[in-house]
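Just dropping this structure here.
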Amino acid sequence: MGEALDRGRDFLQSIDPELEKILGERYDELVPEFSESLVETIYGRVYSRPGLDIKTRLISTIAALTAQGAQTSPQLRINIKNALNVGVTKQEICEVIFQMSLYGGMPAMINALNTAKDVFAELGD
Amino acid sequence: MGEALDRGRDFLQSIDPELEKILGERYDELVPEFSESLVETIYGRVYSRPGLDIKTRLISTIAALTAQGAQTSPQLRINIKNALNVGVTKQEICEVIFQMSLYGGMPAMINALNTAKDVFAELGD
Amino acid sequence: MGEALDRGRDFLQSIDPELEKILGERYDELVPEFSESLVETIYGRVYSRPGLDIKTRLISTIAALTAQGAQTSPQLRINIKNALNVGVTKQEICEVIFQMSLYGGMPAMINALNTAKDVFAELGD
Amino acid sequence: MGEALDRGRDFLQSIDPELEKILGERYDELVPEFSESLVETIYGRVYSRPGLDIKTRLISTIAALTAQGAQTSPQLRINIKNALNVGVTKQEICEVIFQMSLYGGMPAMINALNTAKDVFAELGD
Amino acid sequence: MGEALDRGRDFLQSIDPELEKILGERYDELVPEFSESLVETIYGRVYSRPGLDIKTRLISTIAALTAQGAQTSPQLRINIKNALNVGVTKQEICEVIFQMSLYGGMPAMINALNTAKDVFAELGD
Amino acid sequence: MGEALDRGRDFLQSIDPELEKILGERYDELVPEFSESLVETIYGRVYSRPGLDIKTRLISTIAALTAQGAQTSPQLRINIKNALNVGVTKQEICEVIFQMSLYGGMPAMINALNTAKDVFAELGD
């Protein structure tokens, strides 16, 4: 088993220990080794790297998904939840989304802000 | 003169006091009030807002421009320089660009990393 | 209060006098001054400018939103309604959407045409 | 009647003989000659061309729509069905979608894989 | 020879009578019938349609190309020249580009404005 | 050392045995393990997978890069060369690029065709 895969699994232990299993049940039949690949690439090769703290990494991902527009809203939801879980504030999330009006345009910003509003409401805030 | 325009001008004093003049000389003839509009909208209405520190704001902008691809490389250059000026490290810049391979794809990430490499080389690093 | 903000508010009086209030109720708690910012930037700094008539401005916005794809369909709906309100014809709207097949591709064009069809149906045409 | 239009109609005979009529009923009132235009441009001018087999053409379209993100999911559905009809395997479809994680990013890939999963389920697989 | 192809050729007579020949010399060897296809699809099936005047069509194309970002700058140049040729003013071109900051973001708008500036300079303005 | 990394290195032996070294010299100082990560993710986790032949994989990548527009032209060049190396014909490459006019629009298609023309010319065709 590869080092990056190990690192990815270790990283997920503290964040979302069921994720590899859930991905596997949904996708491994269609795409063999799908769950293992994503754990290795996303968590072992990117999010577990040193040099940028996890809060800034998640804020940056929210920025990018906002600028890419509403088509990534399922992933935006997940990253907003993950960001809240590691201590990013609702204000920081809303501010970075608002800032993206300058780069992704007004519609992308408003659509992302609606997604954030929905996530906050679901979480009882 | 509006409050947001004032805030934008104040904000630029400490960062890039010549910017409004430079924009004005380049674009105000074609688009009347261009420079004033951008100072107000970009700096008065976004970057001077509280709730998200300037380093995280610039890292987020670098994330978004990377994910949008090489077409924004002139703006990516400027934001990388601005980020270095406020104390973001080269490592943080490279890490956030690398992370964007997951959202903007490998080509967008490599093109942005080449831009960062060029900026670092110009600045004598 | 700034001039651009005043211009934006004046412009909205004749088009959609409740918009600032509606935006404020939905978003100002999450993003302080959100409604004021958008009125200033969108209406005070862009749509109220001289040099391009409002009908052509709205047709151009419909063109851009079509080319950007279905992710901006909530904003496309609003701009189609606004365009009809200022006298743009259904034919002009459909023609500019169809033209966008050359720039945004066939799927983007068809998705936008479906949105237009829905808006026309809602309005009883 | 033009040659390309004839070629498009001939091509559709073996694939989807009702398509021109369906498009005409939905769109020709809004955009006169819409159905004829699309048959000519899409089928007469592109898919009926020699030099690239139809299976590879459809796999390539699935690749492009995946990389463009979830906003084209209605068209992705249709192209997945068409690909299955001409003998592209489910495995080939899933593989090309997975490959697109490198170019369109992880969210685009996952959204397209969900669409494929839905289509396969509908078709009773 | 098809009707749409005829319409496209007629349309080009008054605008750019050499275009089909130029496209043919550049591309027909690689893509047989390339020039004929583009004349038919772009000019016979879109720009020659009634229902939207040519000035508004070209302004809309400039809007869409601006919002799509700097990657389409060769096409933006051509459409700016064509727009000037049919009587669109420099002011109208600059205004629609500026408006696109709301939909394509600030970098896309600035890059397009630079392209317009270059075209105007070349034409001796 | 991980299995996917091994697979990626094996795969590259027959295609481009110097690539990991070249990537390492250019990028590993800025992004530690950059070259290893890309070999693992791109070649170990994607291109070496069974279920889709390498010619179709490369044609699909050319399709996606074309549809994403000229910003990915450096990567398009590489993939066109790689495709020729594994036996994809120039005609197949030109056909899939032309087909993308339907999904990425005319400008994206023309820009990609120009890139292909340049690559063919360089290679002495």
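Note that the chains are named A, B, C, D, E and F in the order they appear, and that numbering of residues resets to 1 at the start of each chain.
Please note the rule applied: a residue touches a chain if its C-beta (ideal position, glycine included) is under 8 Å from a C-beta of that chain, and two chains touch if they have at least 3 such contacts.
Keep in mind the model is a prediction, meaning the values are calculated, not measured.
Visitor: By that same contact rule, can you tell me which chains touch subunit A and subunit D alike?
Guide: Neighbours common to subunit A and subunit D are B, C, E, F.
Visitor: Of all the other chains, whose mean CA position lies farthest from subunit B?
Guide: It is D whose centre lies farthest from that of subunit B.
Visitor: Angle of the rotation mapping subunit B onto its copy subunit C, from a C-alpha fit, rounded to a multiple of 5 degrees, please.
Guide: That pair's rotation angle lands at 180 degrees.
Visitor: If you list every residue number at the subunit C and subunit E contact, are more than half found on both copies (same) or fewer than half (different)?
Guide: Because over half of the interface numbers appear in both copies, subunit E and subunit C meet with the same residues.
Visitor: Relative to subunit A, which chain has the most distant C-alpha mean position?
Guide: Most distant chain from subunit A: E.
Visitor: Where the centres are mean C-alpha positions, what is the separation of subunit A from subunit E, in Å?
Guide: Inter-chain centre distance comes to 39 Å.
Visitor: Between subunit B and subunit E, what distance separates the C-alpha centroids? Give it in angstrom.
Guide: Each chain's C-alpha centroid was found; their separation is 30 Å.
Visitor: How many angstrom lie between the CA centroids of subunit A and subunit B, rounded to a whole number?
Guide: That gives a centre separation of 23 Å.
Visitor: Residues of subunit C touching 2+ other chains?
Guide: 41-42, 65, 67-72, 94-95, 98, 101-107
Visitor: Can you list the residues on subunit E that touch subunit D in the complex?
Guide: Residues of subunit E touching subunit D: 1-5, 37, 40-41, 45.
Visitor: Any idea which subunit D residues touch subunit C in the complex?
Guide: For this pair, the touching residues of subunit D are 26-27, 30-31, 34, 38, 41-42, 65, 68-72, 74-75.
Visitor: Looking at the complex, which residues from subunit F come into contact with subunit E?
Guide: 69-71, 90, 94-95, 97-98, 101, 105-108, 110-111, 113, 116-117, 120
Visitor: Give the list of subunit C residues in touch with subunit E in this complex.
Guide: 41-42, 46-47, 49, 51-52, 56-57, 59-68, 72, 91-92, 94-96, 98-104
Visitor: Using the touch definition from the top, list the residues of subunit C that touch subunit F in their complex.
Guide: The touching residues are 67, 102-107.
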